[in-house]
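First chain A sits with chain B, and in the next complex the same chain sits with chain C.
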Partner chain A sequence: MTMKKFLEVKEADTLATLRSFLKGLLEKEIIEALLVPLEAPSGDTVMPALVKEPARLEKANPLAPVMPVNAARLVSSLTIGKPREKIGALLRSCEIRALIELVKLQQAHLENLMIIGIDCLGTYEVTDYAKLISEDRSPTMELVREAKEGALFPHEGYQFRSACRICEYPMPQDAALTIGLLGVDGEKILIEAQEELAGRLELTEGEATGREEVIRKLVGARIEERDRIFAQFRERVVDMPSLLAQFSTCIRCHNCTVACPICYCKECLFRTSTFEHESDRYLRWAQRKGAIQMPTDTLLFQLTRLNHMVTSCVGCGMCESACPSDIPLTTIFRAVGQEVQAMFDYLPGRSLEDELPLATFKEDELTELGER
Partner chain B sequence: MGPRIGVYVCHCGVNIAATVDVEAVTRFAQGLPSVAIARDYTYMCSDPGQALIKEDIEKFGLTKVVVASCSPMMHEPTFRGTIQEAGLNPYCLEMANIREQCSWVHGEKDKATRKAIQLVAAAVGKAFLLEPLEERRADVTPAALVIGGGIAGMQAALDIAKAGFLVYLVEKEPRLGGHLAQLGKTFPNLESVTPLLSKAIEEVEGHPNIDLLTSAEVVGVEGYIGNFKVKVTDRTTRRELKVGTIVVATGYDLFDAQLKPEYGYGVYEKVITGLEFERLVSSSGPGEGEILVKGKEPQDVVFIQCVGSRDKSVGQEYCSRICCMYTAKQAFLVKEMLPQARVTVLYMDVRAYGKGFEEFYDQVRGEGVIYRRGNPSEIYKKGERLVIRAEDTLLGEPIQLEADLVVLATGITPRRDSLKIANLLKLPRSADGFFMEAHPKLRPVDTVMNGVYLAGCCQGPKDIPDTVAQAKAAAASAMAPLCQGQVKVEAVTSIIDEELCSGCGICAEVCVYDALSLHERKGVMTINEVLCKGCGACAVACPSKAIKLSHFTPTQILAQVDALV
Partner chain C sequence: MNEDFEPKIVAFLCNWCAYTGADLAGTSRIQYPPNVRIIRMMCSGAVDPVYVIKPLLDGADGVLIGGCHPGDCHYQEGNYKARRRVAILKNILHQMGFDEGRVWLRWISASEGQVFAETVTEMVETLKEKGPNPLRELWGT
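Now for the complex of A and B:
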């Protein structure tokens, strides 16, 4: 049975309380290693680290509203070879959902893994977060204060990443241990866990009566924004040429494939010699069409990636954050994803039970697309 | 030295030559790089045509051959054989389909010729890159499995057993005989079924080479031609059988007459199906050899044909083939047993196509059975009797008949559990739901699954002689690999690049032949080349392009595309 308990915030310092709670997980040997964001030496960003020594958690900051990497990718590296020690991974919803997709794609394993989910209050682009720090503002604590009411506003003059602005999943799911901030009085942190685990943690009783309502309102606002963005997109993108126009600035740097937690090929076909053509070939193409855009194959690359990822895309938006050409990848993948996923009644990251649509053949499916 | 390619453009009589300027195509081919010789000929597949290719291989030292003719479905095996006889690897052949995909579907000679030229250019482009492939062989377990103990299954099992091979005959019911055991007399010769059937059952039960498993079901099939592993269970035990080939003879279900509510089947006791009629007239039936409906002899009997056949409204488009004749037989029996009864058959068309059928149909009408064209719209009860309303479509007027007994000629449908067998054996089904043969004309008992053959109504409706004939054909086909002791294995298979494979398993999900599995330690997929049919589905599904299909490699296909665009 899942228990809802509380962690008392000591000396009004949520972060310090959380750090010592995480330390406890290692010290009590509930887990033997923890994947968690640590503050970088520069102090203006965080990077995930695999921590064995509890003292190193002095620098842990799972609350920082910045996400340089979707950690599902790292969990894949950690678990694909089936770890012998129990690893804890502190993850946001989009990371957990991406992880579930990776498990289905046999790129990660859940054995010997404890997922610690945490409410996500939104994230800034890495550069914006660094700027906020340099301006001596406190991006973490301001958001934590707003979490109780669920009215999460970015700092003046800044915006959350576009993916976060339309994210319907501020709270984690499928976690063995959930750390809740939304709708919770600032003097407490909500901890959800199975009875046996909860019993081993020093927690107090209490209630977070407003949490569901706060989340409902927050999600409602995000959905409204999402639908507005999607509507704009669908007005702008009505046919193949207008879809292709979205990708026109792609330079095929492949940053998106590296940033995407789910793009899992060992070697992307687009980075192989298959796409290094003979001079003659380029010239022949140019001859036939009058002119060809260089680098070539950008549309094929983008459409292939869309085709491969669209059913499993959890909308974390890391691709867009990584794109040097500011292609609105989040909107494209999410808006196209919404339609494709609905077609297969598939929600990426929802459950391990849902079969990957592209790996499932049903005789009576999409019959309207071909002769019966 | 680069490849030396020979190009052979076939006229196919006038099939190609009338629409495509074959000489122009040949001239074009002659000008392509690496083409040593290009020729056209009336029938490339004829002996002189093939001889031409063989001579040229010798004379010009050809290393690759392109034949521009019909679909490879038709003659690829022929020409592979041709070049093999002349000492080339059979996979050094490429075909350009300028008949089905060109001359047959186009009218304008100019455009058709241009397309044929492009198709030939693409084929030459690919031929340039073709690589010889090794044909492999696998040993065969000298035993067969027959699924289904109706007349088809029994006949197939007997033939294989008599040839000296072990046969496992699996029947779901406790007894052999299938639907045949429920029939009284055959058409058109009115022979009693019982002695025929008992003889067959006795023979099957007594044959030392037949291992009979009744009340048993096949629950798992693994492996491939020559080496199938089949799991069979009855209520208590589970056995694993090893067989080389499999004959599927799972039979049929009858159309559920309740799906035509206007006929009142299941509502009125006096509306029965043809199969129920068999029991009604049987000497072991309720009337002990007399036709009695509620204890009385019927005065008016109406037969209705095409119930669940040729009827799009219930999703049964096809003709069930047996109903016209079993109705004629049953009408005849009524006349024979109750000469004073009025017997009417309502029909759409009478299809008396078989040996002795038309003669029998004539005889039945001669006995006084009235045939009226038109299927009824409604049957309702009036007192103790039934009223049938119909339109006589020959006279163009409505008719109303009264009857004491209505017999519905229900058609044959695929078994309701046929999907289960289809999934177990990876058998495709045709649009009507019956198991699909590999080719409707030339391979009517084979399936696309090598080593699996079809017999009887599981492949489509048929009468007893056709079923027995097909069973004997399936048995002969199933015996061929058993006699050979070895089978050829498709040389075109998928190849996995372990460097690129991430082991995601999407390929395994799309493979209907279960040829792919994850290598646990390496974390990459591996392929069972004997199971692989070279369909290429995995190569398409693989997002990492870690799978390529030999004989259809990306470079080969891109060379074709390059030649086309």
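Now for the complex of A and C:
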């Protein structure tokens, strides 16, 4: 049975309280290693690290509103070879959902893994987060204060990443241990865990009565924004020229592929020599079309990636953050994904039980296709 | 309709059914328009979307995918998976502003030479109505 308990925030320092809680997980040998964001030596960003020594958690910062990488990819690296020690991974919702997809794609394992989910209060682009720090502001603590009401506002003059602005999943799911901040009084941190685990964690009793309502309102506002963005996209993309316009600045650097937690081919066709054509071929091609955009094969790359990926896209937006050309990839993947996923009543990351749409079929579906 | 316009069709045909069906159309001397360029595949389920998108971006006016009738796949279920993949591809093309009606999936068995010929004839007529693929003139690839 899942227990809802609380961690008392000591000396009004939520971060320090969380750090010592995480330390406790290692010291009590509930887990033997922890994947968690640590503050980088530069102080202006966090990066995930695999921590064995509890003292190193002095620098842990799972609350920092920045996400240089979707950690599901890292969990894949850590678990694909089936670890012999119990690893804890502190993840936000989009990372957990991406991990579920990776497990189904047989690129990650859940054995010997303890998922520790945490409420996500939104993330800034890496450069914006660094700038906020350099301006001596406290992007983390400001959001933590706002978490009780669920009214999460970015710093004036800044925006959250576009994916976060339309994210319907501020709270984690499928975690063995959930760390809740939304709708929780700032003197406490909500901890949800199975009875046996909760019993080992020195927690106090209490109730978070407003949490569901706070999350419902936050998600409602995000859905409204999402639908507005999707409607704009659908009005904008209606014909060939508008299709080309979406991707006109793509330089096929493949950053989106690298940043995507799901993009599942171990050897990507687009990162082989297949698209290094002979000189004559480029010239014939240009002759035929009158002109060809260089570098070539950008539309082919983008449309193929959409086809391969979109059923499993969890909307973390790392592709867009990684894009040097400001292509609105989050909107494209999420808007297109919404319709495609609906065709198969599939929600990426929802459940291990739902089969990947491209890996299964029903005999009696889509029967009009293929018939004359 | 532009009568002078001759559409170009790239066809990916399954070795075990539609390809043999096309062969039968030929050996039976069934007339069909010469607008189709055939690529033999081992299964319609082996047609990755990238193969379909590539000719469309290069200006092909249509792409035909020919597979075995449901239940008849040489590999048990390749055609069912092809059907999902084509459904997704057509949906994405539509959402991205491309006329998905240029992509056809048809079940054609090895004995259906006549069906193959009729399918190509029908597709050529449809594409003549639609006119040339606008991507023929656009610089994107």
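Observations
As a convention for this text, the second predicted complex is superposed on the first by the 364 of 372 C-alpha atoms of A that agree within 3 Å, B and C clash if a C-alpha of one lies under 4 Å from a C-alpha of the other, contacts with A are read in each partner's own complex, and residues count from 1 in each chain.
Basically, a contact is a pair of C-beta atoms (placed from the backbone, for glycine too) under 8 Å apart; a residue touches a chain by one contact, two chains touch by 3 or more.
Please read all numbers here as calculations on a predicted model, not as lab measurements.
On the superposed chain A, the two partners chain B and chain C do not both fit; they clash. Of the two partner chains, chain C is the only one that A:Leu369 touches; chain B does not reach it.
In the superposition on chain A, contact of A:Ala221 is made with neither chain B nor chain C. When the two complexes are overlaid on their common chain A, residue A:Glu267 makes contact with chain B while staying clear of chain C.
In the superposed model, C is the one of chain B and chain C that contacts more residues of chain A. In the superposed model, A:Leu347 lies in contact with neither chain B nor chain C.
In the superposition on chain A, no contact is made by A:Met3 with either chain B or chain C. Using the contact criterion defined above for the overlaid structures, shared-chain residue A:Gln107 touches chain B, although it does not reach chain C.
In the superposition on chain A, contact is made by A:Asp239 with chain C only, not with chain B. Applying the stated contact rule after C-alpha superposition, one finds that A:Leu15 touches neither chain B nor chain C.
Of the two partner chains placed around the shared chain by superposition, chain B and chain C are both touched by A:His308. Chain A uses residues 269, 308, 358, 361, 372 to touch chain B in one structure and chain C in the other.
Within the complex formed with chain B, the residues of chain A that make contact are 80, 105-107, 264-267, 269, 274, 308, 356, 358-361, 372. For chain B in complex with chain A, the touching residues are 431, 499-506, 509-510, 518, 523, 541, 543-546, 554. Chain A contributes residues 234, 237-244, 246-248, 269, 285, 288-293, 296-300, 303-304, 306-308, 310-311, 335-336, 339-340, 343-344, 357-358, 361-363, 365-367, 369-372 to its touches with chain C in the complex. Against chain A, in their complex, chain C makes its touches with residues 48-50, 53-54, 57-59, 67, 69-71, 77, 79-81, 83-89, 91-93, 95-98, 105-107, 115, 118-119, 122, 134-141.
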